[in-house]
Amino acid sequence: MSVTPVLEMKNITKEFPGVKALDNVSLQIFAGEVMALLGENGAGKSTLMKILSGVYTKDSGEIYYKNIPLNVKDPKDAQNKGIAIIHQELNLVPELTVGENIYLGREPVNIYGRIKYREMYDQSAKYLEMLGEGRMSPSAKVSSLSVGQAQIVEIAKALSMDARVIIMDEPTDSLTDVETENLYQVIRELKQQGKALVYISHKLSEVFDICDRATVLRDGTFVDMKPVGELTEESIIQLMVGRPLYERYPKSKGECGEKVFEVSGLTNHKITDVSFSVRRGEVLGIAGLMGSGRSEVAKSIFGAMALTKGTVTIDGEEIKISHPSSAIAKGISYVSEDRKQLGLILDMSVKENITLPALKTFQKFFRFISVDEEIKTSEHYIEKMSIKTTGPMQKVVNLSGGNQQKVAIGKGLVTSPKVVILDEPTRGVDVGAKKEIYDLINELKENGLAIILISSEMPEVMGMSDRIIVMSAGCVAGEVSRADATQEKIMTLAMKNLTKSAV
Amino acid sequence: MKIDFKELLVRFRPLLGLIILAVIISLINPRFLSVNNILNVLRQTSINAVIAAGMTFVILTGGIDLSVGSILAICGAVSAFMIAADAGVAVTLFTTLSLGTILGVLAGIAITKGKVQPFIATLVGMTLLRGATLVFTDGKPISTGYDTAADIYAWFGTGYIFGIPVPVFLMIAVFGISYYVLKHTRFGRYVYAIGGNEEASRLSGVRVSRVKIAVYAISGLTSAVAGIILTSRLSSAQPTAGAGYELDAIAAVVLGGTSLAGGVGTVFGTLTGALIIGILNNALNLMNVSSYYQMIAKGSVILIAVLMDRKK
Amino acid sequence: MKIDFKELLVRFRPLLGLIILAVIISLINPRFLSVNNILNVLRQTSINAVIAAGMTFVILTGGIDLSVGSILAICGAVSAFMIAADAGVAVTLFTTLSLGTILGVLAGIAITKGKVQPFIATLVGMTLLRGATLVFTDGKPISTGYDTAADIYAWFGTGYIFGIPVPVFLMIAVFGISYYVLKHTRFGRYVYAIGGNEEASRLSGVRVSRVKIAVYAISGLTSAVAGIILTSRLSSAQPTAGAGYELDAIAAVVLGGTSLAGGVGTVFGTLTGALIIGILNNALNLMNVSSYYQMIAKGSVILIAVLMDRKK
Amino acid sequence: ANKTVGLVVSTLNNPFFVTLKDGAVEKAGELGIDLVVLDSQNDPAKEIANVEDLLSRGVAAILINPTDSDAVGNAIKIANRAKIPVVTLDRGANRGEVVSHIASDNVAGGKMAGEYIIEKLGKKGKVVELEGIPGTSAARDRGKGFNSAVKGTGVEVVARQTADFDRTKGLNVMENILQAQPSIDAVFAHNDEMALGALKAIQGTDRKIIVVGFDATDDAVKSVKEGEMAATVAQQPAFIGAKGVEIAKAFLEGKKVEANVPVGLKLITK
């Protein structure tokens, strides 16, 4: 283990209008090591890394590379100086191919300035192979990929830069365990090669799997830096939150009631013959690999995707859903996995986002929308989910990722639904907030809602669900109860259809 | 709630620009500030302002409407024809306003159901309707005639209520209603939401297609109102009326701080923008600036205004 | 790599539309297919096509350029003036092309550094430059004169190479180069990338501002080329030349399947789009369709073509 | 067999040229000639394309109402090369060969209007000139004639503004000028559309101002008869169109035709 850091950020301060995102923060990164960067949502992790990669400029502080002052002007400059970053939010050009995205800004050209496509695609294939995605074609358009696959492309892109410092901001956010394991493999290799890595994650187990040291931030300030060996999950949480947290997956004592929601034979070009039912006060988990069609099931139920066959029944009554608005009217709500594209209207305020699906209920005389009631309602959700915001009027775009996620969930509840579909509800959410969301799920359960929980985080599905169905290649591969659920059982089911037909 | 001065400044920057412009002009030419001239400017602005009010709805959803000038022309021609044919003022107004609305609805349908880009759908609308107007009028102006109905009709463009020109009243009414709808109703909120993120709006249960058709209908309606004001001001409808008005209306909307990407802006800003353009036209005439230099002056002022607005 | 027929069909749908159109027209009027008339159509299309080639770059980045007609006019005026003043053909061409490019660069700077929306920046450019052209020409056409230089200059618009009109050659050259640049160079990739996701491109290290300035420069350059062809065809530069050309160019780009949102489209499609418009103009003339109905016919065909293109 | 003759009109968005076309169409009907009418939309590039298309289509003669005397040159040369006779209407051509030119003189018309105003005002007073679309030949020539008439007299042009040949703009611009100029005695507008707009603006005040227009469109003539507008310069567009067709026919039949047919200008007053 080297003692002097390759790269050091000292006393970095950054202020946004109304928020001091970073206050005198320092960070050291070592060659051949992975530095975990930890902290609650909005602690300033991404901001710090965006400064290092030239996206933001710092207000004050210094950066040193091997003790030499380093000045990063813009993203291109950061690349030239050997700093690569995988951003928290996907940053790909959907209309370009996988290979073009990986090499965007660094295309290999011949002496006439002509792009060498062959070389570009061959190289891209190599990096995809390394990440266990050898099946993905480098000439496929990124718009045809699922979120998880796109994330792999982002990782491949960072790898292809052959940088000395690689920053990964929640890289496994939308990956399942298989891909995560592949990523670990790659990270180990990079360590071998003497690269320095920064790893941001809210999945604490990953810190112990792959990181060597951890730096913890809280509210934009530096808290501590320690070798991972000296840490436990509890002590990390203690550092992050400032108090201990018990029970990662709180068990609810609620009893399941009668069947309220049932789908049968749902079929379209993405899913085949999907049937299941949910009871009042039940959490039905849906597990599966990336691209297994879980989100498609949710969207099909919600009227956002056309069905060729199948029925949806709520309270024993078969209903016709042609548009999300009719789903909402029938008491179904859906919290999308992609809060940025599908969940939120970023330029609108927290208040306007939360009340949007239920605006009808805020109408008073002359169809006048009552702002007072809107504020009251949104403050209720802000408080209930501890959304870190300056108030209901703050624009969602200025919230940290985790807090945006909470707003998206609030939006799903405001219509007082009977059935809630949560698609990756804790994606990008810190441990504390996760706990709050789990508590919320339990509260909903006790209130008699039927909940469908789609999640790629195995412990989460297993910890929170009463029953789990597993999807594989667009079909329901099987069902396991909470008591029987083990990681192996679920994985076996998830892989079931893959051997028969390649996805 | 605490007042956010920065936010307030951003909000009223177009207004600030308007005030600065007015002060400079009145220093150069004191006649500018006479009551008569101010009413004059307001009356002249009314046509562009009314169109721009409808355009604001469209642009807020992230669309654009290039057909406003042609809708104005055909509505004007139809209304002049009907007045001249003694169809009665009420029937004429109703028919004309309906026509404008329906034409807007058709554009909206082409855009939502036909999935044609708004720029193209309304560009085609602009060409088609101009052709239709020329066919309808045979390329010649249609006079409203000289009877009582024509006089009553002329009131909408030339009359006064308490010393204030009727078109100015109409403009205020259009903006008052637009403000209320955008600010305080569900529909208004949806307009902003669609401009902000169409897909997320759909998933929040917003009937995106309906709202979009409605905004083009509104734009068609305001164009028809403008067509009535214009035809009534002249007691005659020109087949070439309204050519190029789309650019003035869009300029007013953008000068008012509304983003062409949609989602952000106010109808109040649009009114300010329309007034800036109206004042500019008036002032250049008052100062007798030669027509070649007028274009340069107008371009420069708009550029400065927009640049000021973009500065952080 | 396996061939994707669906993809191929989408790719060549504009071409298919063109072919269908040509077949229908030649059935109605066999004269349409005469060699002379085809050369005729190509020559007439060249001006719009050349402008549309540059416009394709701009639109691919998600921008728009409304100033092309005014750049054409001022470049035409300057080149006619220089030829008449015996500045020599080479010097004139160089100056004119540089002028167009520089004007494009200025628009690009206003858009990237000044953060003015492209629609507005180029709308202002359109007005300013039209004013400047009128001032420069004093509102009068400038004849290139009657000497040898004027004759050489006239060759660019009226001459032939191996029986093919020079403007057609120029058009082919512009499209050939554009195709290569967009398809095979880094710059071309960046144009698509910026249109697809500007923020992602920036974060990938693409110098977004530079690329954007370059596309407006290209659009200025092609407008200058079009200005030279036009002025040389007429041996005279009109102060009002090019008015409204931006809409034809944009229509050509969109008919060719390029999305106004940016990121998707080809310059080959644009050529097809320009030919559709050119053929339409020619055919309507050959068939003696009255000019009012021409607008209606043109609007309808464009609408049908776009609707066909939108269908899955 | 019927001969086909082409007519290329500078614009059909202006009543004056619509009347010119109507005159030609009517005459062609009488004489049994197929007339193909194309509209140049005030764009010389469209004009040259129109001529090319007519040649492609095959016509025996071309009547052309140029958008601009300079710019039409190459279009006429193309017709010359194809050995198709050309007759210019209303505006002449500075290049190329034409068998006949039929026109009333815009410069002379402007002068006529100017002289009328001078006389009406008793050689002293303040006038406003409303100009046509900047850069068009009609705007240039009419302005030139008018200004040559008033130059050196006691009649002063106090405001000179463009209203783009448009009635609405004529109204707005005149309203603004009325605010700026405390005393105005007369208005000369480059066409009747602007004159009628200006008239509306004046009618909104209680000021007495003479309005003189150009073109003698139906609306304008009616207005003159009603005693609203003072005068308008008539160019007899229908006659120009009809005469063009006659001359083309005569030429094709091998008869000798006049190279220059001046069409009288008439000042229409009450």
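Note that the chains are named A, B, C and D in the order they appear, and that numbering of residues resets to 1 at the start of each chain.
We take it that a residue touches a chain if its C-beta (ideal position, glycine included) is under 8 Å from a C-beta of that chain, and two chains touch if they have at least 3 such contacts.
The chain lineup, named per UniProt: A = ABC transporter related protein; B, C = Inner-membrane translocator.
Because the structure is a prediction, the values reported are computed rather than measured.
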item	value
Where chain B (Inner-membrane translocator) and chain C (Inner-membrane translocator) are represented by their mean Cα positions, the distance between them in whole Å	30
Between chain D and chain A, distance of the C-alpha-averaged centres to the nearest whole Å	70
Rounded Å distance, chain A centre to chain C (Inner-membrane translocator) centre (Cα mean)	45
For chain D, residues contacting two or more additional chains	12, 134
Residue numbers of chain A (touch at least two other chains)	none
Where chain B (Inner-membrane translocator) touches two or more other chains at once, by residue number	134, 139, 291-292, 294
Chain contact graph, described as a line, ring, star, complete graph or other shape	other
Pairs of chains found to touch, sorted by chain label	A-B, A-C, B-C, B-D, C-D
Contact set on chain B (Inner-membrane translocator) toward chain D in their complex	29, 31, 34, 36-37, 40, 43-44, 47, 134, 138-141, 143, 158, 230, 233-236, 238-241, 281-282, 285-288, 290-292, 294
Residue numbers on chain A that touch chain B (Inner-membrane translocator), as the complex places them	17, 302, 304, 323-325, 327-329, 334, 336, 341-348, 352, 356-357, 359-360, 363, 367-369, 393, 411, 415
In the complex, chain C (Inner-membrane translocator) residues that touch chain B (Inner-membrane translocator)	110, 114-117, 119-121, 123-125, 127-128, 130-132, 134-135, 139, 247, 250-251, 254, 259-261, 291-296, 298-300, 302-303, 306-307, 310
Residue ranges of chain C (Inner-membrane translocator) in contact with chain A within the complex	1, 184-186, 189-190, 192-193, 195-197, 199-207, 263-264
Chain C (Inner-membrane translocator) contact footprint on chain D (complex, rising order)	12, 36-39, 41-45, 48-50, 52-54, 56-58, 67-71, 73-74, 94-95, 133-137, 139-140
